[in-house]
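Written out below as structure tokens is the structure these notes cover.
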Amino acid sequence: MAGLELQHIEKTFGRTRVLHDVSFEVGDGKFFVLLGPSGCGKSTLLRIIAGLEPQTHGSVSFGGQCVDDVPPPARDVAMVFQHYALYPHLTVRENLAFGLKMRREPKPVIEARIAETATLLEIHDLLDRKPKELSGGQQQRVAMGRAIVRKPRLFLFDEPLSNLDARLRASMRVELKKLHQRLGVTMVYVTHDQSEAMTLGHAIVVMNHGKIQQIGRPEQIYHEPANPFVAGFIGNPPMNLFEGSFRLDQRQLEFLVGDLTFRFPFQAHERISANTGMATLGIRPEDVKFEPQGPGYVAITGTIDLVENLGNDSIVHMMVKGQSLTARTSFGFHQHAGESITIHVKNFHLFINDNRIPLPSP
Amino acid sequence: MKGLHAASSIATPSPLSRYSPWAAGLFIAALLFNVLFAHGQEVGTAPFGFAQGGLGPSPIPVSPRITLHSVTWKADHPRAWDEAIQRFEQIHPHIRIKREIAPHSSTAYHALLTQKLRNRDASFDLFLMDVIWTAEFAAAEWALPLDDYFSPNEREKFLPATISSGMYRRHIYGAPSRIDGGMLYYRKDLLEKYGFSPPSTWHELARQAQAILEGERTTNPLLRGYSGQFKQYEGLVCDMLEFVGSHNGSFLTDDGRHSNLTAPESLQAVQFVREQIIQRLATPAALTYQEPESLAVFVQGNAVFHRNWPYAWGLANDPEYSKIVGKVDVTTLPRFAQGRSTSALGGWLYGISAYSQHPDEAWVFIEFMTSPEMQKHFAVRASLAPSRLALYADPEVLHANPQYKDLLPVFQAARPRPRTPLYPIVSHILQRYFSRVLAFPGTDIKEEAQEADLKINRFLALLRDL
Amino acid sequence: MAFPALTFVAVFSLYPAMDSFLLSLYSDFPGPERSFVGFGHYAELLQDPVAHQAFIVTLGFVLLSTTLELLMGTGIALVVHERFKGRGWVRAAVLIPWAIPTVVASQMWRFLLNDQYGAINAILFGDRVDAYVPWLADPWMAFGAIILADVWKTSSFAGLLVLAGLQVIPEETYDAARVDGATAWQRFRHITLPLLKPALLTALLFRTIDAFRVFDLVFVMTQGGPGDATQVIQFYGYKTLFTEGRVGYGTTISVTVFVAMAILSLFYVRTVGSKLLQRESA
Amino acid sequence: MTHRPVLLGGIFLAVLGSLCPFLWFILTSFKSQILVEAIPPTWWPDGSLVFYASALFEHRLLHYVRNSVIVAGSTTVIALVVATPAAYALARLRLPGKTWVLGGLLCVAMFPPIVIAGPVWQILERLGGLNTHWGLVLPYVSLTLPLAVWILTTFFHELPVELEEAARIDGCTTWQALYKIMLPLATPGLFTAAILTFIYAWNEFFFALLILTDPERQTLPVGIALFQGEFIMPWGEIAAASVIATLPLIILVLLFQRGIINGLSAGAVKG
């Protein structure tokens, strides 16, 4: 087992640069998630870690050892692919045994490991079937099993759950988490699904356009997104983001977005007043309150457009002075479209020049 | 000319070429001696002592056994050939004959053989060659001159036409295996029925055929007047030579330097073939016929006259194959009023490859195959017309082939196709010309002949520059 | 990994082809020593009426035979694509012509087309023997006969390629069309045909290449006759090179045919073939 | 389907058109000589086996069949062994000129045999390959490679790269990944390439005639073509020989027609 370190990884295909100076470190035994929209370079990064793709610059090391010149078979990693990549002509048992055979493990060891893995994943019944006789979830388990059975020093997952339906995905997520707890091996997990990232990862790297946007623990990423991209990418429904500019009115700080004005109950600090250009203001839907709150809250009035009732909570879409805004409320919400409503917000996220600026407390 | 001498010097400096013709005689005597007295010796180990002792400085390796490779076609009478070769191997235990089989058709056979020779292939020693190739093979120095092996005395015993077909510029390159000549087969029953004697001119043939066709229309609507070979292939050149030649025409001028197709005699003969033979007597179907198809028409009883080679006699009288057994006779081909009957000379010669390692042994084999005994064997067993003159008086041969007696004059006067190293090219031009004027009745014969003349002359001119 | 394959191709195809090309630059006459004539033979070819005619005959053959083969092939493919009892046997049956050596198939057609004992005459005219047609005697019909034999021999191969194309068209597409009220003909015209285009083009390419090289058929059936009516360019090349021994001119003819075909298929490869290979990044 | 009669008609026509000409040959093969060239032709044979006897014993047909099996078989095996890695490399390499390599291969497939025959003959003569089976197999392999590579390349293309990567991560070398994982999956494509190669080698006439003049080594098409004697057209023997010679291929096609078609649909045709 080992940690993983990436230093200044760059990758170009022809003239397109898909990775820009990517560096991070994954602690031994951690569950590390690479999160980003499709095409952000996260899969390429994973393939570079696996050795399937050579990087253009930079280096990869496992447990302090540089593996740049180590071919994939010798890197001792296991990978679970998006489409599982089970060998269609082999039975489940043979699929599991394949990697061990390639490494010339003795037969009894192979059998013991298969038995162990089958128990762990509860796939005993499937061992003698061919992949095409399995359901999607079963194939997924086998793909996982093929990785586990090898006892590699590093697990790599390339969107392993994206081909499953929602329920199965949720339950597999739990199992994966348990599995990690039991095995304690370093795992690198690529996904575009932020909820998978939040629930699974010890640490998350958010990537976009081949660049790292933010590295941090899930709660860090949620509560203190480093830039508008991360802020908009994490959270469901996504954060409301408003482009606008600040104005200092009678020592009162105002943020203007078209006709909409946010009046903050506090004064501007230097970094805000120094900025005369545009800034981005973010409000998480779950931070919007419908009842009057204490001091420090900003109140705005708007009109309800649409209410999505999700059972235990509701998503309220509204128009506020020509700007649309989404809110999430966790208890019964009884107003209807067309009605006027006043909201109260205290938690704001502010980004200037794509950087997070902490707002002063009132 | 310089090339020809070079050719003989390419040949391994065998004792025969050095001490000939005396040595040749000695050598052969030694062989005969060997044959006569060395019979009991074991095959394969028999030391060929005579050659060594008898010829002193002989560089012939005393190899226990030599395999001669002979290029040939698949014979129509394979057993006759097998027997001949068995017999040879019995007499000459130190020589084995291995046959390499090439396609039957003269053209395809030629393509394959020349491909090998062009590449100086030393893997075969001797070959059968069509009489039309002598000039080409000699000029290219592919065939070894046989002057030292094949003595003038011996040559006199063969039909002159066959010997001259093996000659090119005063050297001989081929020993005749058999002779072929075009001849007229006819239904003697039908001719007798209508009171005709065999036609001596083409117009007479046409008249007789017309009369018989009209008379037989009800009994056999399929009956045709004439069946010959008019497909676009080498045989067409032979058939047309017989028409043109018997009208005092020729393909080339007498000196062989120019094409002569536009001569009026030639044009008229071609026109006769187009109008009388193809359009009327033979029907255009003849444009698809080679020998087998044209013979099929005849043996099915559907043609009055049939032009073919000597081999057809045997088949026409074979009840397994023919419906007209006993109703067939054969005669010389007709002529035009002003001309002389012309029979195209065909036949095959034995030649020795210039690249052979064993030319002496090859000659031993050739001599055996062209010996009176073997010529007789093939005449009797396979209806192949012998190239040796004497056999035309041989009772056994005549018993098997009674028709030969009358045909000897045909063979003696048989007319060769143009003798030029460029014969294949000339032949293709001729084939195209004749086939076009026969298959497209609207074409202007003279125009087509001029075009062919032009092309042939262009190639012949190249030769003169040599 | 491609090294052994490329070696093979280099030694037994490319080198010989280059060698031949060089040969085509040397004179055939006079004498055994050949002299360099540059592109003289190519200039001669441009002036050669026999070659022109052979080229036109070849072109006609290629156009007609490939068109007919694609039509027949599509028909065959549509039939054996349907599900019915004994389909395996029918498929095997239509593949038989393809499995018969061309030399044999051509002999067979020569036999079938015989003017006296040929089966075709017997089928058409029965006992009315006087009506029998000497198919190969007429220049046009002989040309037609060559095409007929080729179409018979290779339609099933074209059919095979088209059938393979049919099999990748999803059944749902037809269901959708049927829901939209398309008739069988409309479904064929507007769905099958457009989706079949790549398969048809592939078949067209392979058949065109082969048709350009047609040789065995003519060699066996007509020897180019009557009156050069069926003399295709390859046969003319063969005659010149192998029978007449004019190595330079003969290779010139063949090299020219090759170049014409190469241009044709490079055009094809660029239009269709590149599409074939550009989906890899998906 | 709703258009049953149309379909039945189509089946009838397709089978009739494909089989009838050959049926006539089959009928002919059971006739005796006098019936073969009878005018008008007679339909029904008299059941004579003369031609079969002659083809089998006089012309030693089985001996040609044996030679053809050897030549076509080894051509197929060698061509596939050589073509597979090449196709694999072409399918997987990220080369800009790949289309051109494939186009070039296609060009090679177009070489008229006449163009290369002479030089090939000379090479073989230098190698001592004339009149040997391997001497014929070598040019056959070269001539069938382009088509085989073409088919296999498109086939490998269809196989997911993921599988191969999984194999690499499981510890396979490139070669192991090829023959343990990709090859078994490409079986239909291999099969198609094999049958096309086999039929080519089985039917080829021009090179076989040129290279093999020793009757001991000649292949079937040459053998049958040489049935023809100098002046006799042995239709009956040719018919009988064709029937015998075609039987193995018919059985082959019957057994594997599904494989051939599946192989083609996954490979050559998609575009």
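By letter and in written order, the chains are A, B, C and D; residue numbering begins at 1 in each of them.
By definition in this document, contacts are C-beta pairs under 8 Å (C-beta built on N, C-alpha and C of every residue); 3 or more make two chains touch, one makes a residue touch a chain.
This is a predicted model, so every value here is computed, not measured.
Chemist: Just to be sure I understand the contacts, which chains border both chain C and chain B?
Modeler: The common neighbours are D.
Chemist: Identify the chain pair joined by the greatest number of C-beta pairs in contact.
Modeler: Going pair by pair, the biggest contact count turns up for C-D.
Chemist: Would you identify the chain whose Cα-based centre sits farthest away from the centre of chain A?
Modeler: Taking each chain's C-alpha mean as its centre, the farthest from chain A is B.
Chemist: Go ahead and note the Å separation of the Cα centroids belonging to chain A and chain B.
Modeler: One centre to the other, that is 92 Å.
Chemist: Could you grab the centroid distance between chain A and chain D? Build each centroid from C-alpha atoms only and quote it in angstrom.
Modeler: Chain centroid spacing, chain A to chain D, equals 56 Å.
Chemist: Would you mind pulling out the distance in Å between where the CA atoms of chain A average out and where those of chain C do?
Modeler: Comparing mean C-alpha positions, chain C is 59 Å from chain A.
Chemist: Roughly how many whole angstrom separate the Cα centroids of chain C and chain D?
Modeler: About 16 Å, centre to centre.
Chemist: Spell out, as numbers or ranges, the residues of chain B touching 2 or more other chains.
Modeler: Residues 112, 115, 118, 222, 293, 296, 300, 302 of chain B each touch two or more of the other chains.
Chemist: Which residue numbers or ranges of chain D touch two or more of the other chains?
Modeler: 37-39, 117-118, 225
Chemist: Using the touch rule from the top of the page, what residues of chain C touch 2 or more other chains?
Modeler: 116-117, 129, 238, 242, 247
Chemist: When you check every pair of chains, which ones turn out to touch?
Modeler: A-D, B-C, B-D, C-D
Chemist: Touching chain B in the complex: which residues of chain C?
Modeler: Residues 29-32, 50, 114-117, 129-130, 134-139, 142, 222-229, 238-239, 242-247.
Chemist: Which positions of chain A touch chain D when the two form their complex?
Modeler: Listed in rising order, the residues are 47, 50-52, 71-73, 75, 77-79, 81-83, 85, 87-89, 98-99, 102-103, 146, 150.
Chemist: Would you tell me which residues of chain B are touching chain D in their complex?
Modeler: Listed in rising order, the residues are 71, 73-76, 78, 98-105, 108, 112, 115-116, 118-119, 121, 123-124, 222, 291-293, 295-296, 300, 302, 309, 311-312, 315, 320-321, 323.
Chemist: What does chain D use to touch chain B in their complex?
Modeler: Spelled out, the residues of chain D in touch with chain B are 33-34, 37-39, 58, 117-118, 121-122, 125, 130-131, 209-210, 213-215, 218, 225-233.
Chemist: Can you list the chain D residues touching chain A in their complex?
Modeler: Per the stated touch rule, the residues are 160, 162-163, 165-173, 176, 180-181, 184-185.
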